[in-house]
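Just so it is clear, A, B, C, D, E and F label the chains in written order, and each chain counts residues from 1 on its own.
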């Protein structure tokens, strides 16, 4: 299972990195979202994998997984949500101000290789 | 007895879930595919929820909150289907059945351009 | 725990937060009231920082346990000498930049004062926290506030710079999380003191793991600090935003340098056992390269504000070179230089504003423009600011540089530090002399009707420059404090004992 | 009274749902449920311009039973169709003229049609006088329309449009 | 008996999941993909309910509830985009 | 205190002068004079002591930890220089009052002059080397201001910048040198430096230290090859030149040579470096001076030459040579100052300084001509004038050294220099005052005003007095200054006109005769010079260097900073990869640990595979933006599932809600973004990014693997143990969020609030073109709010809100809490916006989300603050079980109130973001209406 999780985290990171390196704002936002998935999963699994052991105290529970990474991920999710929202709106603002959706405000014609 | 009931419910639920998605895969145009998930699947999940309700009511305390999920699904699934169909008609998605002019994208249809 | 004094460490965090909330509630109140409140809240940070300086100087690190949970389980605030020092610098820069903002920046868009106070909340929180994840949270606060402030007022290039700033920092934040969580995954703790203890006992099979985390963390801080090659965001962002924001941002790179100093003295410092001196070999070459690139950028800059921004880059290099010496003298030199460069660049950004206005269509492009109204005052202030930025006597920058060079005497990096610092100083003089000459001396005739700057336009900048003079005059006590701070940083056990209680 | 307690039926329904949600049937939760049942409609009253009128509770219950029965039965039929030869399906769009006039009733009808097997409400005409339904396997369109009107539209009209 | 049925149920739901995903990827048009996603959400509800029964822990119920709700909102928003472009107008 | 005050006074005087200048030109001059005089008056009482060979040191603490004191020293050498600076300064003040024209700002001039004077005084009166350096740099800065005083002139600006660059370089070198010196000695104080002279000379750092200090000295004193800045500094007003290049600026370097003479001299390195530079400068200066057509240019090169002479003397390292050096400092100051002033008068009266046009001025200004001739004769070293005396001593020393070393080259070269000095002095006199009629002068020259001549008179009288009766005039001063220079008993020397027939006299005679001869042959020499050396100018090298610096800077900056975000991200990634992978290349760490893993089940495998495929599909299809959003939705869904699977129900709930809100946001944005994204052409870029992405993915995957396969000790046990007893809740994650780490949460809701407010501010005045058809060119569907959707969605609202309340209230004990409840509430409301549209909702719901945010934050903060009342730190929680009749047992925790604050902020911020973004549409309507 650990290998699968590591593979998933790696894939999410790779996709995030590739998209973040694109030239238009939209894929960049997608890329950042991917990166946040990757890192949220990463933080989460730092508490190791445990099935059926949610950290909710009860008399019948067989055990509990580490709750701290979960709390950290919650914080990270909310923060990255705020950030994503901001960057989306900023992309719109850039679209309005720069006239196109290239991250550097380039024109398509200028951008094209000759 | 309870075990059998539960097993039956679980199996039926999973079965319908399976069949609904299979329909999504197999059927030949969008409008027919729409039928699978909206009905077979809702019933499937419904059965599973009943199973869950029975299971937890017998293993723990009375558990009826599964009804809520069912209610939710029954209220939303048709709306989703309706909107999907509307969108498909708007986009002029290919249909096996002839599309009545009032529904098509043509000059009389709902998808006609606004003046 | 009944007197307000016992809550001293949290006050510099809570005050701007509360002020931000009140200002948000009063967002439609008359701007006079908003300004008054904002100013009162900002000015109050100065005595608070002063009290912390005094307390941290006499009693050792103050530890404030949030929620009354003991470390390492709850989050603690640690107000040691370094934190108090940073708070004071922040408070000073913030107060003067805010005064400058009253000239109209604050009303050019929405929520300036709220964002400003929350930016201070983020900054102060970052300096005070003793928890690595909490540091991340406060990084995010200060970043988001800075995004808002950076973009405040809008405009084409500002939006582009803002977009770049935001995206690069988001990637940086991701990196931060990878690093912090790896440290947690290996050591099982987040408290910085506890991490220091645990890291020093790292078994060999985990060594590369924690080193990876430690180095990734360095990457994040290097980005915030604008260390080569991660400095590219800075010239655009600082060069494009409004003057008071750029001035306030002068402290932003210092958050990165602060973090480098804090983490790599406490957790990966000389006492770090297997992870000791993690940055040795990385920091000094990068710092010196940044110093050089910053200076060359200042030479090449086409506009005044970009030039100042590159000088900020260069000052980051200087600072980190000092810290990289990892000796009492080196760190003390950096600590003395830090307020100097922060206040100095803030003053320069504030000063650039009336200069830009007085040049009409030529704005801050480094080229001949029309005769500048108010040139004598602005020119004199520019001259003083240039002295400060170039690190020339008699202002504090010279002393800082002197301390750095002196500290480098015992270092194996001696030749490099001296060569780069001295050459860069000369290059800075050449670049600034050219700018001053172009801006103030070489004038074209013009019939543009340019506004005459009022005293309020340049007084905050002048006052900031005045603080530099103060730093020179009172260099003795300041250097003593910096020395003691450096000693405290190089004996992390003080910090650890304060947070975790003395251990056998 | 109307302003303080805008939707008494809704309040009761919500209180009941609350008890379902919390899975605990105590007096305390009943009170809490009633409180929320009052608070939620009160806070969102502005979004509820028209109050819902429900008559004929027995009809309503019977209607629900019929629909559930149709769903269960129909599901098997649809399952058979899906598992069978897709090429043999006879899909069609069928127009159902409407007698219902209120939006709520029309929507519930459309919903019912979609929930029950083999049919999906596709489109409501602009004048709300007819509903276009897609049928998965249509034998006779007229019978189908009649069935819909009889089984679903009539009771809905009785429940919602007789005030 | 339940213990033997549950793996079968898992397999059935898993296949359902797979089919929906295939439709989502294959399309060929946007409504098909949305339909695929919508069904995927419903499949997930099924999976969670099954997991709850399997692990004997009712703690996964809320996730199922939220998935039902969020899946709907997602579908509505996506469809509305196709129909109107501007989803909140 | 006195010395300190004397130094400080001119600085304060600068401000006074600027103030005084507001009331007129004369008040400015008077104030400047008064300040100078006052400073002199402060020091004068101490002169007798210094004259008697005593050293006065006044010392105050400054930065004791660094060995930096405010330490002042008054000894003979300092007295000599202070006297020159203030005495000649006084004359310059007087002279400048008449020299400057109506257009020139008196205030600015005198203020700069005062700054410069104070800096010079600081140099010569410093006991502490670093303090000396401070003043040293201040002279560079203030001379920059003085040289560029006529800032409208290109050559003034250039000259000033060049002077600053060259002397600035020297300053930085000097800083290094002083640091090394201080390091060797262990103190920066001169007394300590003198005391450890032998130690210094034997120290391994002696040579680098010496090189650095000499670099400072040579640049300041315009020694070859750093001499080129000085002639360009002549662009300054003549009073400035007279001051800077006679007694002050350039003398600072010489002063330093004298000051450090006892500590540094006497080694072969010192001898060769100092005397070599001095000799070269002496010759090159003298030679070049001869060919300058500009009056001030001639004087400038003559200055260079004389500075070379003095440097050479100190370089020779004999006590007598040092005495001669000090003596020549005095003499050069007097005759050169007077010559510059005379040149200024000529320029002022005739309107030009070009010696090809200035001829025969004797007729117009005989008095000035006489003064100038005397001064020029002193410069040439004519007997009965002061220049002769020191030059004789110089020749004698040169001959003496030559005797010892047995060479003839040095005497020959210095004699040649003497001859050249004679020649250019003659040229100065003959060309200007005689040699025919003036050519095309702008003005008819006449004698200057009375008080403009006075300073020249004073100086010329001094030249003569010293020259005729050195013993009666200069002897005590010279003795004191030389004594202080040597820091040793003075050698035997006699100040007299006649020393008998000795080699020096012979050299003088040869020099005089040869000088006359050279002047006589000047025409062919000029022609030769124009063909050969005219273009040899170090300034070209300097300019080339500066140009290279600029070109290099621009190229390097442009190379790095292309203004491209992609490049920045790329750099960051590369840096992260380099940092992250480095530790694994050496060391014992193996990638996999020892912890046994969980078995892999088929459903998880399927989910994982689906996630990976969906991710790849998103990347593959990212240009089909709408489809990419759908596949992204799958990714988010499976991530939530992973949270469920691995025992994190809270996370799953949060992720699910955030996921949907994000998709709604992206859809809102998609509408305004270009429908047909640009195609990517650059295959190389795609490959490069692909490789980086793969390596990064491998990195994080391996990192995760490495951690997951290792055991660890965690602080988590504490949370599990104390959650119920200390935090009052069974949902440990929630208790961590609102209690153990409530401070994080406070920060995080602030982030969310900030995002909302920032977005609100961003959206202001944002106008976007709203497309009226989709990517395929199809018009939008006219049915904006389908009835079926609207009606049924409305029914869902209370249900959804009920769920939100449920999630909020149970969060402390079971999965849920403020965040999730907030997001569910927001989603419930967004659902209504989707179904009914913004206008409908705005008409019914107050859009005041900002007060909700403020209230939420306030609630959270005040809950935290409440603990102060109970003498606990911020955010300390409390909880209790209340028993209400009928209702039953009821738990109330302060953390729940905190959570309510969280809830409010989340609702407020999310709605603020979504609703305002949705309302962008209104701008389209407004635009259409217009």
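Going forward, a contact is a pair of C-beta atoms (placed from the backbone, for glycine too) under 8 Å apart; a residue touches a chain by one contact, two chains touch by 3 or more.
As the structure is a prediction and not an experimental result, all values here were calculated from the model.
Considering the contact criterion stated above, the chains in touch with subunit D and with subunit E alike are B, F.
Within the contact network of the assembly, the step distance from subunit B to subunit E comes to 1.
Common neighbours of subunit C and subunit D under the contact rule above are F. By count of C-beta pairs in contact, E-F exceeds the other of the chain pairs E-F and A-E. Put simply, the C-alpha centre of subunit B and that of subunit C have 57 angstrom between them. Averaging C-alpha coordinates per chain places the centre of subunit B 69 Å away from that of subunit F. Centres computed as Cα averages put subunit A at a distance of 31 Å from subunit B.
The distance from the centre of subunit A to the centre of subunit C, with each centre set as the mean of the Cα atoms, comes to 28 Å.
Across the assembly, subunit C contributes 133, 137, 140, 144, 147, 151, 154, 163-164, 167, 171, 178, 182, 184-185, 190 as residues in contact with two or more other chains. In subunit D, the positions touching at least two other chains are 17, 21-23, 110-111, 121, 126.
Shown for subunit E are the residues in touch with two or more other chains, namely 10, 17-18, 30, 34, 36, 58-59, 65, 69, 72, 76, 80, 82-83. Under the contact rule defined at the top, the touching pairs of chains are A-C, A-E, A-F, B-D, B-E, B-F, C-F, D-F, E-F. Within the complex, the subunit E residues that touch subunit F are 10-11, 14, 17-18, 21, 24-25, 27, 30, 33-34, 36-37, 40-41, 44, 47-48, 51, 59-60, 62-63, 65-67, 69-70, 72-74, 76-78, 80-89.
Interface residues of subunit B facing subunit E in the complex, by the touch rule stated above, are 3-4, 6-7, 10-11, 13-15, 17-18, 20-22, 24-25, 30, 33-34, 36-37, 41-42, 44-45, 48-49, 51-52, 55-56, 59-60, 63, 65-66, 68-69, 72-73, 76-77, 79-80, 83-88, 90-91, 93. Residues of subunit E that touch subunit A in their complex: 55, 57, 59. Of all residues in subunit A, those touching subunit F in their complex are 1-15, 17-30, 33-34, 37-38, 40-42, 44-58, 64-68, 70-71, 73-75, 77-79, 81-86, 88-93, 95-96, 100-104, 108, 111-113. Listed in rising order, the residues of subunit F touching subunit A in the complex are 563-566, 569-570, 573, 595, 597-601, 604-605, 608, 611-612, 615-616, 618-619, 622-623, 625, 628, 632, 635-636, 639, 642-643, 645-651, 654-655, 658, 661-662, 665-666, 668-670, 672-674, 677-678, 680-682, 689-690, 692-694, 696-705, 707-709, 712, 714-716, 719-720, 723-724, 730-733, 736-737, 740-741, 744-745, 748-749, 751-752, 754-756, 758-759, 762-763, 766-768, 813-815, 819, 906, 909, 913, 917, 920.
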